[in-house]
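Chain lettering (A, B, C, D, E and F) follows the sequence in which the chains are written, and residue indices restart at 1 in each chain.
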Amino acid sequence: MFDVITFGEAMIRLSPPNFERLENAVSLDLKIGGSEANVAIALARLKLKTSWYSKLTDNSLGRRIENEIRKWNVDTNHLIWTADSRVGLYFLEFGSKPRPSKVIYDRKNSAISNISKNEIDWNYLGDTKLFHTSGITLALSENCREVVSSILDFCKSKNIITSFDINYRSKLWTIKEARDKLEPILSKIDIIISSENDIDLIFGYKGDFKEKAKKIKNEFKPKVVALTRGPESPLILDETGKILLGTGNRPNLIDRIGASDAFAGGIIYGYLKNDIEKGLQYAEAMSALKFSIPGDFAIINIEEIEEFIKTKKSTIDR
Amino acid sequence: MFDVITFGEAMIRLSPPNFERLENAVSLDLKIGGSEANVAIALARLKLKTSWYSKLTDNSLGRRIENEIRKWNVDTNHLIWTADSRVGLYFLEFGSKPRPSKVIYDRKNSAISNISKNEIDWNYLGDTKLFHTSGITLALSENCREVVSSILDFCKSKNIITSFDINYRSKLWTIKEARDKLEPILSKIDIIISSENDIDLIFGYKGDFKEKAKKIKNEFKPKVVALTRGPESPLILDETGKILLGTGNRPNLIDRIGASDAFAGGIIYGYLKNDIEKGLQYAEAMSALKFSIPGDFAIINIEEIEEFIKTKKSTIDR
Amino acid sequence: MFDVITFGEAMIRLSPPNFERLENAVSLDLKIGGSEANVAIALARLKLKTSWYSKLTDNSLGRRIENEIRKWNVDTNHLIWTADSRVGLYFLEFGSKPRPSKVIYDRKNSAISNISKNEIDWNYLGDTKLFHTSGITLALSENCREVVSSILDFCKSKNIITSFDINYRSKLWTIKEARDKLEPILSKIDIIISSENDIDLIFGYKGDFKEKAKKIKNEFKPKVVALTRGPESPLILDETGKILLGTGNRPNLIDRIGASDAFAGGIIYGYLKNDIEKGLQYAEAMSALKFSIPGDFAIINIEEIEEFIKTKKSTIDR
Amino acid sequence: MFDVITFGEAMIRLSPPNFERLENAVSLDLKIGGSEANVAIALARLKLKTSWYSKLTDNSLGRRIENEIRKWNVDTNHLIWTADSRVGLYFLEFGSKPRPSKVIYDRKNSAISNISKNEIDWNYLGDTKLFHTSGITLALSENCREVVSSILDFCKSKNIITSFDINYRSKLWTIKEARDKLEPILSKIDIIISSENDIDLIFGYKGDFKEKAKKIKNEFKPKVVALTRGPESPLILDETGKILLGTGNRPNLIDRIGASDAFAGGIIYGYLKNDIEKGLQYAEAMSALKFSIPGDFAIINIEEIEEFIKTKKSTIDR
Amino acid sequence: MFDVITFGEAMIRLSPPNFERLENAVSLDLKIGGSEANVAIALARLKLKTSWYSKLTDNSLGRRIENEIRKWNVDTNHLIWTADSRVGLYFLEFGSKPRPSKVIYDRKNSAISNISKNEIDWNYLGDTKLFHTSGITLALSENCREVVSSILDFCKSKNIITSFDINYRSKLWTIKEARDKLEPILSKIDIIISSENDIDLIFGYKGDFKEKAKKIKNEFKPKVVALTRGPESPLILDETGKILLGTGNRPNLIDRIGASDAFAGGIIYGYLKNDIEKGLQYAEAMSALKFSIPGDFAIINIEEIEEFIKTKKSTIDR
Amino acid sequence: MFDVITFGEAMIRLSPPNFERLENAVSLDLKIGGSEANVAIALARLKLKTSWYSKLTDNSLGRRIENEIRKWNVDTNHLIWTADSRVGLYFLEFGSKPRPSKVIYDRKNSAISNISKNEIDWNYLGDTKLFHTSGITLALSENCREVVSSILDFCKSKNIITSFDINYRSKLWTIKEARDKLEPILSKIDIIISSENDIDLIFGYKGDFKEKAKKIKNEFKPKVVALTRGPESPLILDETGKILLGTGNRPNLIDRIGASDAFAGGIIYGYLKNDIEKGLQYAEAMSALKFSIPGDFAIINIEEIEEFIKTKKSTIDR
């Protein structure tokens, strides 16, 4: 039995090295990433048994993605393979202040966007403690939304915990679309994770940070709400209505992509371990450490997390 | 006035360095290529005034393509830009004997595939001596076929010479589709260029190499037919019905992509210079030299072509 | 149940790029390799269920090895981990004719060399159809020899097929040592694989190639003997005493390391599929294709093998 | 008609990657740069029609320079080519605090240093709204000074606006030489641009920043003076005697070379658009954004400039 | 006659580029380093005549080390070569805050750890003004400790100045071992150099920084004590009992490895030049500049040190 | 006392990786090379005590050259340093058949071209058994020719053996100049080394290979003549008038630059060892092995030479 199954798209990520502009690039670093796969890998680093569920085109690009995710100890045996469609890509141009990093998505008509309920392996999905997906999956296509909705109903019927990261992406859908499609989904979720900025944008929230968590809880009735706000302290509103605050962190910036997925991993870990406080500590530690790691994945060890929590001090370990 | 306008798609080309497999790649070399752009650049190296016509998505990937082609002294001022669609890509995995090189096209729904006749700049197209395109453009979409057909009719009406490279790509269409769509087009062409292999596949030709050129001439009534056959000697069947044979070449293999476009460049050059024999010599020289040059483009100087024709001997020039 | 478990050491492989000399290197390409892991990966590419068994030091180098092997769909769940010892390394300096490639082993006192019978997971080992190891494992230490001997006895008791590649390495032991230690082991093996050169060196064989296979059979009573001889045709002597010859191949040389392991994979595949002829074809195809692939691993698809067997012709597939 | 023609030398720029010392470098990144070419490219990014005028040696290094500048949409059709002389180079060793970056010029006897008035294409030079050059060109040779002086007289006679960046380089000439040669030139200029540090060094200015701009205006009678002072706010003294101040910026440091040329581009743009305030905003934005871009060129889009002016906040745009 | 001979191990240093994790590395930068060799090179940059003494395995890895050290003008003619043993390695994973850099030593059973007194070239050792080694050498093996002890006695007998950097490495020995082995050695030393942190750890010192220097002096009777404490000001306690304080520095962090060796070099330089104040200035300057230089070695020029002392201001020198 | 002092220029060598064209290069590999330095290094690999004599500009490029040559165990303590002039460069564009490799020299006005007799250290030059230089040095400047002529006279007076490689470079001087300047020099030489092609070009020789060696001997009266002719067997005409022929070799081509210098090294080695036959064997072996080694230098070990002479067979040594 899996601890966690995550569902979503992973892409080939292509980025010019050394802050070069895409318009001038002569080579691209190739990494793999996608919010839900990132969460699965973060949890595998914490020794949970995780699986990633998705649909991929069966060519060397699709296999490149599977290989990479399997490498990090995430089960990929239940992927849906197709000869049609294409593999999703994203181009990432790293910026340096004051030039922002930029993403060009090239994921339209990718394999997962054509997924249908008939393809879903329900036995497999029934064999997990927790199911996780995010707003990005909803944004991909009507097919994806239908599949997610069905899976969430299935989870409810099987008492599988559901976790969801709102992850709003303005390049995939409008605020209005996001709100319309997210609302029915969020009502089916046990653990809602979001940045403050995303819920402000989508639901028009304003004012006190803690009140926003409570609004989410009132509106959608999840068990747990976890909110981040950049370098400031994140919070968790737990099942008892208690709010826990973290510490906030200002890590160096090597590669921030995937930091919020590492955070989600920590929250899920804490929930599954029945230790929501540890979950918040892990979430913050993994998110901060992720900033130092090239690529989407939080390639971190538990000892490093524990060390971070203890010291937060950078030295050479020799 | 331009000597040559070529029309077709150029793509971002992505290939793993050092014979690495795509399934294992961690970085990709980024080059630009596309048959008709390659021909334009080959001709610009020969000091002809050339322009490349196409439709591109207006983002940093589209501009990356324009930049590169302009860099090689090909006019790009008349490109059609769009905010929609996507930029065509192709992944090239270099093989080494006995492992073949492999191409994965990812060009569906690219900007040019949505081109429409209304977008065409007829004044610009009227301002050239020769117009060139290839079977790849036909294979991209019905829109492309309509536009090509209209342009060829326009060229006839303006006495603009038309040149066409059959360039069959099995990953873009079937043999039957290719035959059905090529036949009406070829009848409008002055200079037909092809590999022997392609016409064998599409038209079922067999037997004597020279007879095949004559069959093409009888069937489609071009002024000139130029045929290649790998390392063996190519031929030209000229306007007078005379057949010229080349010498054949077995160059080292650094990057063979674009060699047939370099060949087409030589043929067009000879035709425009009224020296079909020189055209064949240049075509062979440029094709052979192209094998030694990374990327799709025949970045060659006239002196190198002349030197090749004289000696074919590799030494260090110091 | 696994189709194949292989047992041996995998190392961090470090090689200067671009034929640079080690004495002058400023960077090293890092790959993973080791004969038995290579065989497991070759078989995983053929869709067999394979597992690799070994002992590794639990630091980021040891995990680097595990990650890479798992990436290629080989089970690594039963590895023995230790905090002590060190991770085996080998430095590979690529040569180009007339300069030979050179290997510096730095694997003394590596984790596996300290393995003991008490650490072996016998339940796991009992859960496979075939067990494979090689002479390299024997050469590592007396501990390794004891463990291999015990496992082979265990296999016999469980009717598990045993396969063994002689793989003589002069940098690990002398000819005399090899002969003394190999002889008792080979008597326990069902499938003996070797290069002609190795058996000539170790057993002093001379003369006819086929006769050598028969001598091995007479001496050690395996079911099957498979012999290679560089670019010349290899052979299999099967259970019925029939000898099959291959075709021989002269591939381009990108990276020959692991070609003989790819060959062994083909032989084992054929044996398990009850098609020894196909096994020889696959063995030759995989070995030849391996020459074109950087690194120890035969990252090849079945379709490529089938294509090779049909054509052996290098073209661009586009 | 061109909006701007700039005149000066562009060089091959060679720099060790990753802060490596030149004394220890085994590879060099090759970029192209030169103050006046940088200005032309900055202006081409702002959609002005620009041309770069210079003299180059006709070999692959000279063509490398032309290719690169044409790539960024700057006209290079009027360059003077020579078989003699050599192509200018500069070696750039990136430092990191407290180690300063270092430049070694290797541009003596380069093609432009031998330029003569007879080679100048006056028709071309007459076909622009504005002519720009800098103190670096004056420092190269007596020939260069004569040519610049003649061109400036010609501009006056044709009512072409003249712009000049003082750009003192201590490795090219002494302070005294600079002062002696700059004074007669500056009297012919409409737009004088400089760092505060350069005018302090050359003219011995001291004290209030704004007063220095006025002194320049009094001394040389330009229409406009623009002064920078590192991260502090720059200023413009406009035709009416009004002084505008900017905001100052402290960007991250990826590559500061060319930032002052990007600044000059902004000032010229504002002047030509009759909006000196926008000119200062653009100048500051382009200069700050340039710090984040590898190489001499300000590869920036207008939208990025507008975005910078609005927010100055670094986020991922996805 | 040499000014300085240093004795210790230098290793092949392997580090993933671009902050990549070792667990995910596909290439490693290869540098050479080792505390005592680093000191020798720092002193050679200051134009002293230096020699590095050690024992190396005679293969291309050992020669790689010798080549590199000789390259930086340190004599290597007296190295002890052996066919046995192995070359020491260390893997360095660069971190970025909050992830610490990590070192994995792989130097057990390296050539120097087997050194014996019989191999020592006493004539050579007698031909120097100063002998330097460090606590790392002591930590390597009992053999190393015996050899160091003998050499120090020899130095005393020949009036050769002895210098010693405590350099505690927790991955090589425990605090208790270090204390037990260091105490008899430190009593033989003229110049004791250490970080405050190391002496706190080993000798349990607490409280005032200056008092710690005096305690060292009282305890072991060296002529000079030099102590560092990270970015804070270091100190020297000189032969007359006077304490000099430095300024402290917070350099950017490119590669901090070797900074303390550069510091030691400065102290030794000052001592040999009879200018302990200059020694402290040089020590701080070299240490700070070292932070900006990739690799263990302080590849710095005297002019840069002088410039640093004057200004500490980062600008482009062009 | 040195065995050999060589005199000439070494340059920074810059070449685009992976067969890229200079016109399209974005990075350059940096190596060091120069015929006479190459010979010195070849001889140092053979354990002779060698020194390289030259004049260099004292900046980081000049020191880069010194560092590299010292690294390979060649004495550089007697170099003449200057603050003026510049460091010689050459750009090397690797070709692949049929595209030839190309060299662009950028060495005019380099430090050595301004050398004068007053700067020569005669004591140092008197302390060697053999002095070697080449026609390249003569081609650099009149100053160089005067210095070489004086040194050769000095050698004669001191009974120092003189060796000279004709090394004609058409990019440095014309055939006529070469002939006029070489003739008086060759009369002062003990060992004349050349390719057949060079003496054919310069002296108009034709016909039998052996006769050409004899003509050289008759004309200039050296003790020994050694001639190469590409992959064909070279020859030596020794002091007794006996002609020895080699075997000829067709190595793979990684980097042929410096192969003739490696050959010269072998010849000199044989002469100094009084074994002209071994000299020819070594010369051929080193030249052939050099083809496999990136860069100008013959980084080869004696064991590899001996192995080559025995087998010429490429295998992996593991």
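Points worth noting:
Note that contacts are C-beta pairs under 8 Å (C-beta built on N, C-alpha and C of every residue); 3 or more make two chains touch, one makes a residue touch a chain.
Remember, it's a predicted structure, so these values are computed and weren't measured experimentally.
Judged by shared residue numbers over all numbers used at their interface, chain C and chain F contact each other through mostly different positions, with under half in common. For the pair chain B and chain F, the CA-based superposition corresponds to a rotation of 120 degrees in steps of 5. Computed centre separation for the pair chain B/chain D is 40 angstrom, with centres defined by C-alpha atoms. Between chain D and chain E, the centres computed from C-alpha atoms are 46 Å apart. Shown for chain F are the residues in touch with two or more other chains, namely 17, 21, 23-24, 26, 67, 102. Chain pairs recorded as touching, per the definition above, are A-B, A-C, A-D, A-E, B-C, B-D, B-F, C-E, C-F, D-E, D-F, E-F. Listing the residues of chain D that touch chain B in their complex gives 67-68, 70-73. Contacts from chain F toward chain D in the complex involve residues 14, 17, 21-31, 59-61, 63-64, 67, 86-87, 89, 91, 93, 102, 104, 106, 108-109. Those residues of chain A that touch chain D in the complex are listed here as 18-21, 23-24, 95-103, 105, 169-171, 256-257. By the touch rule above, chain B contacts chain F in their complex via residues 17, 249, 251-252, 254, 288-289, 291-295, 299, 304, 307-308, 312-318.
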